[in-house]
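Labels for the chains are A, B, C and D, by order of writing; each one numbers its residues from 1.
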Amino acid sequence: MEIFKADVVIVGGGGAGLRAAIAVAESDPALKIALVSKVYPMRSHTVAAEGGAAGVKKPSDSFDYHFHDTVGGGDWLCEQDVVEYFVEQAPVELTQLEHWGCPWSRTEDGHVNVRAFGGMKIERTWFAADKSGFHILHTLFQTSIKYPSIKRFDEHFCVDLLEEDGRCQGVVVIEMGTGEFSMIEAASVIIATGGAGRVFRESTLGGIVTGDGMALAYRHGVALRDMEFVQYHPTCMPVTGLLFTEACRGEGGFLVNKDGYRYLQDYGLGPLPDKPKNKYMELGPRDRLSQAFFFEQQKGRTIEHPTLGSVVHLDLRHLGEAHLRERLPLIYEMAETFMGLDPAKDPIPVRPGVHYTMGGIKVDGNCAASLPGLYAIGECSSVGIHGANRLGSNSLTELLVFGKVAGVAAAKNARSAAPGNSASLLKQAQAIEQRVMALKTRTGGTERIAGIRKEMAQTMEDGCGIYRMQDTMQATCDKLAELRERFKNISIDDKSSVWNTDWLTAIELDYQLDVAQSMAHSAINRKESRGAHQRLDGYELRDDVAFLKHSEAYYVAGGAPRIVLGDVKITKSQPAARAYGAAGEKADQERKESNV
Amino acid sequence: MSENHKIIEIEVLRYNPESDDEPHLEVYKVPFSDDMSVLQGAQYIKDNFDGSLTFRWSCRMAICGSCGMMINGIPKLSCETFLRDYYPSRIRIEAMANFPIEKDLVVDLSGFIEKLESIQPYIIAKEPRTLEQGEYLQTPEEFNRYIQFTSCINCTLCYAACPQFGLNPDFIGPAAIALLHRYNMDSRDGAAAQRMELVASEEGVFNCSAVGYCSEVCPKHVDPANAVNINKTNAAKDYFLRFLSPKGGSK
Amino acid sequence: MSKRRPYVRSMDGWWRKNPFYVEYMIHECTALFVAAYAFVLLVGLVRLGQGEAAWNGWLDALRSPVSVAFHVVFLAVIAYHTYTWFVIMPITLPPIIIGGKTVGPGVITGGGLLAAVVVSLVMLALVWRIV
Amino acid sequence: MMKAGLKRSNAPIFWGLFGAGGMLSALFGPVLVFITGIAVPLGLLLPKGAMSYPKMQAFAQNFIGKSFIFAVIALFLWFAAHRIFHSLHEIGIHAGLGAKLICYGSAFASTVIAAYVLLVLGF
């Protein structure tokens, strides 16, 4: 087995991982960094983010506004001290990215431009047309090439963490091109593997979004926090789930039902303003919009399409072709290529699809997990800024702000840590290799990977969708337990070493089943409705007395996870009614008056 | 997906380095619906017929750049190419041309990545600025000068379209040069002269004979051929001007 | 030991595999005809240098049916070269910005072809006037 | 990081001649072929004697005429030599130095001959 000695190893080469790698390299050029990614870093799913990144920019905006939008948007399940740090660092990090070459869209006078986004009081979303994630990722990847201390392990797949003396000391990876194992020793391990939305059926996510890092930490006793909060993005392409960015609405798009009626005004997001108004109608938060779709469908007011199923229309026609081509070029192309329609002439059929996992590996404000030496950042982590519902354009900023925080913290830890015992770590790594190889070499299995994956995705959709009920969630928990059992009988067609994606897909499925269980069990345990977790079985209201708490799922080998409730850090925003539209404005007013 | 499936024949160039001496074709009969991409066709084969079929993919929306392949001999992203456009004929998919095949549809991209790294694809500031000073200003003209060349998704279809790269694998090639040009044209950057050494080298732009197919197949309309040819002019100027002025051109 | 064994495909006959390449090779081949025509002119120049009789001999040779037939072929092929040269030109030129707008590829190709037509007419007019 | 040991290509010389010749032949090629190879020999369109010895001698002795003749012959050939050399490489004939010598050598020889004759013809 090859051994590579690093100071910091980062698992995941998306936006968060790259930002962390650069932070380590800048904070101490003498530290050796190993950046492990199962795809070439610029393929990471950050690439698909469209709308933009939030950071206070306009003089009329303030950190306080961004703070309140975020905490209220998260239905008060945010770590408020962390959010305070986040909103202050956001503009710094976004400017840093500008210095590194990110082609942010600009105003005529040459400054960076900002656009409106759902749930935000003032326009503060920095954007690069509708390819913001793409540009952020490529800028970070290309900038990372500048630092000789970053050694990339591209197309390497992480199979386990090394833990000894009560601290995390490295990882074991497979080189996908050869099927060979390597051990990477490091005093600090940062997990930045992204979300887990692929455990659902219809999602906006790429095939790589399988929750690998979450499962790795989880199996080492680290809690997965707030996993029941899974965001449905309201405007996705039916069947494929591909994303039509929230910027479509930020730019002024409408959502209409089969009668051409802007139905959001019936769901506490009205009344209909004369012109687009922040936090009104289509500029409401994602959870509310997806929930409104659900009820429209119940009322029979969605459009029933023969092949696409139930949809509503995203209408961009009034924005005109020129504006659409400039601000939403990717959306324009996607509508043309994938759906064969012209958004300047036809409304786009859309429906909600799984988009984001608010929860993740529980970490503190320094991105440190409960296992010393282990850090987590980005979508795989739960640092506490999203709460029960993430506001659009907070996640891209998150990976920059906390990528840097984790990089600096991991560097500091690596400098002070005692050297590990290489010989015993190697022994551990060899045991891991044997275990993982056994999955490939075993014979006689009858369960197809695709079969189990499909059943998992379907049961998650059934039990943990936009609205949830006790009996369907229970059925999902039971089904997942069954699938866990059936996974032991998996069959792998490909026995070869070079580029064995059949084997890697099976390992991913194993990760996914763990993560799915943490989601379903956290969900069934939360007997209230909050943010993206909405119930229709007697728990329709938020219950701050019992559930102004984080859910923490702990791994139990061979069984269902153990769910524990943890405290929420509240600094300056006490829970209040979460209101948008005119009701929201009124609530804001009242809050101001009571503060005076 | 609707239930009344049509069946399309997908012919796949298979190669397993551990058992095959050379690649061979295999045909699969795949039920499909009109919304299915070629990528989904390949996924269907992997899920249902042969789990060992190997290909790269991720985002499914033509932005991650993973899923390029030759589709009936033309370099395309398989996620945005649809089976319905080939039916009822048989469709053939092969690994991207001009690259060594690792396994089935997966090619060796390490050479491309090295090239990407070699062009110094980052801002080397003309006038360094601190974060406190805020952002650099860029007028719409300055912005428009480079923005097109930022759209490259590194899918390498342009390399699969470039016979000069096929004939000389050392050629820096279209995407890397387009990215180099992107940084040269950025008003924040001041390192065009440093990058000229590579542009003007024997691995540089003069390998290009203006076939132009790279720009034809580019799914993001980057027009790499234009970037390469503009740099030929720049390199030629640099070549002759260095005799005139001690500062003109690089060493 | 790694079991990688990357397979490198042969480039033999690559230009036959795609209509785009076939066209490319055809327009590359126009160079043969340009060269041939330049040699005809070179011979003419040498003959001119050798005096009037030699020159008239060259003119006579040009009048042979074989020569005329060759030149008809040259004309067609070199005209095709002209066409392809200007079709490629948009990718070879730096962006031309007039009045804040980038000139489109169609305009560049069209402009080039128009220039060739104008040059041809001027040349004919000049020869006409010489007489 | 920039690669070490890069060797500067001397292609700009040949590429420059190629570009100039390509442009000249695209603009003037067809009409010249028509005049010298079709119209004059067949007596079409153009009056008789358009290329009579005295006229051509005068043309070749005139500085502009001389330059034009030289440019056409030399640049057409450098253009063609460059393309043909590349095409040989493309179809898999990597004769290397040999092919280079034949292609560029004949262009060079022709250039010298043309220059010599034009000088001998006097001013």
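Just so we're on the same page, a residue touches a chain if its C-beta (ideal position, glycine included) is under 8 Å from a C-beta of that chain, and two chains touch if they have at least 3 such contacts.
Every value quoted in this text rests on a predicted model; they were computed, and no experiment measured them.
Count the C-beta pairs in contact for C-D and for B-D, then report the pair with the higher count.
Comparing C-D with B-D, the pair joined by more C-beta contacts is C-D.
Could you put a whole-Å number on the gap between the CA centroids of chain C and chain D?
Computed value for the inter-centroid distance: 11 Å.
Averaged over CA atoms, how far is the centre of chain B from the centre of chain D? Could you give it in whole Å?
Those two chain centres are 37 Å apart.
In whole angstrom, how far does the Cα centroid of chain A sit from the Cα centroid of chain C?
Using C-alpha averages as centres, the distance is 57 Å.
Taking each chain's centre as the mean position of its Cα atoms, how many Å separate chain B from chain C?
31
Where in chain C do residues touch two or more other chains at once?
In chain C, residues 3-5, 11, 15, 28 touch at least two other chains, as defined above.
So which bits of chain A are touching at least two other chains?
Within chain A, the residues that touch at least two other chains are 145, 177, 496-498.
At which residue positions does chain D touch at least two other chains?
1, 86, 90, in rising order.
Which two-chain combinations touch?
Between chains, contact exists in these pairs: A-B, A-C, B-C, B-D, C-D.
Can you tell me which positions in chain A touch chain B when the two form their complex?
Touching chain B: residues 39-40, 42-45, 47-48, 92, 95-96, 98-101, 103-104, 106, 108-112, 131, 134-135, 138, 142-143, 145-146, 154, 177, 206-208, 239-240, 242-243, 306-307, 330, 333-334, 337-338, 448-450, 492-494, 496-502, 505 of chain A.
Residues of chain B touching chain C in their complex?
Touching chain C: residues 15, 17-18, 22-23, 73-74, 97, 100-102, 108, 141, 144, 163, 166-167, 209-213, 215-216, 223, 225-226, 229-230, 232-233 of chain B.
Quick check: in the complex, which residue numbers of chain A touch chain C?
Within the complex, chain A contacts chain C at residues 177-180, 496-498.
Can you list the residues on chain C that touch chain B in the complex?
Against chain B, the touching part of chain C is residues 3-9, 11, 14-15, 17-18, 20-21, 24, 28, 88, 90-95, 100, 102.
Over in the complex, which chain D residues touch chain C? Could you list them?
Per the stated touch rule, the residues are 21-23, 25-38, 40-42, 45-47, 49-51, 53, 55-57, 60, 69, 72-73, 76-77, 79-84, 86-87, 90-92, 110, 113-114, 117-118, 120-121.
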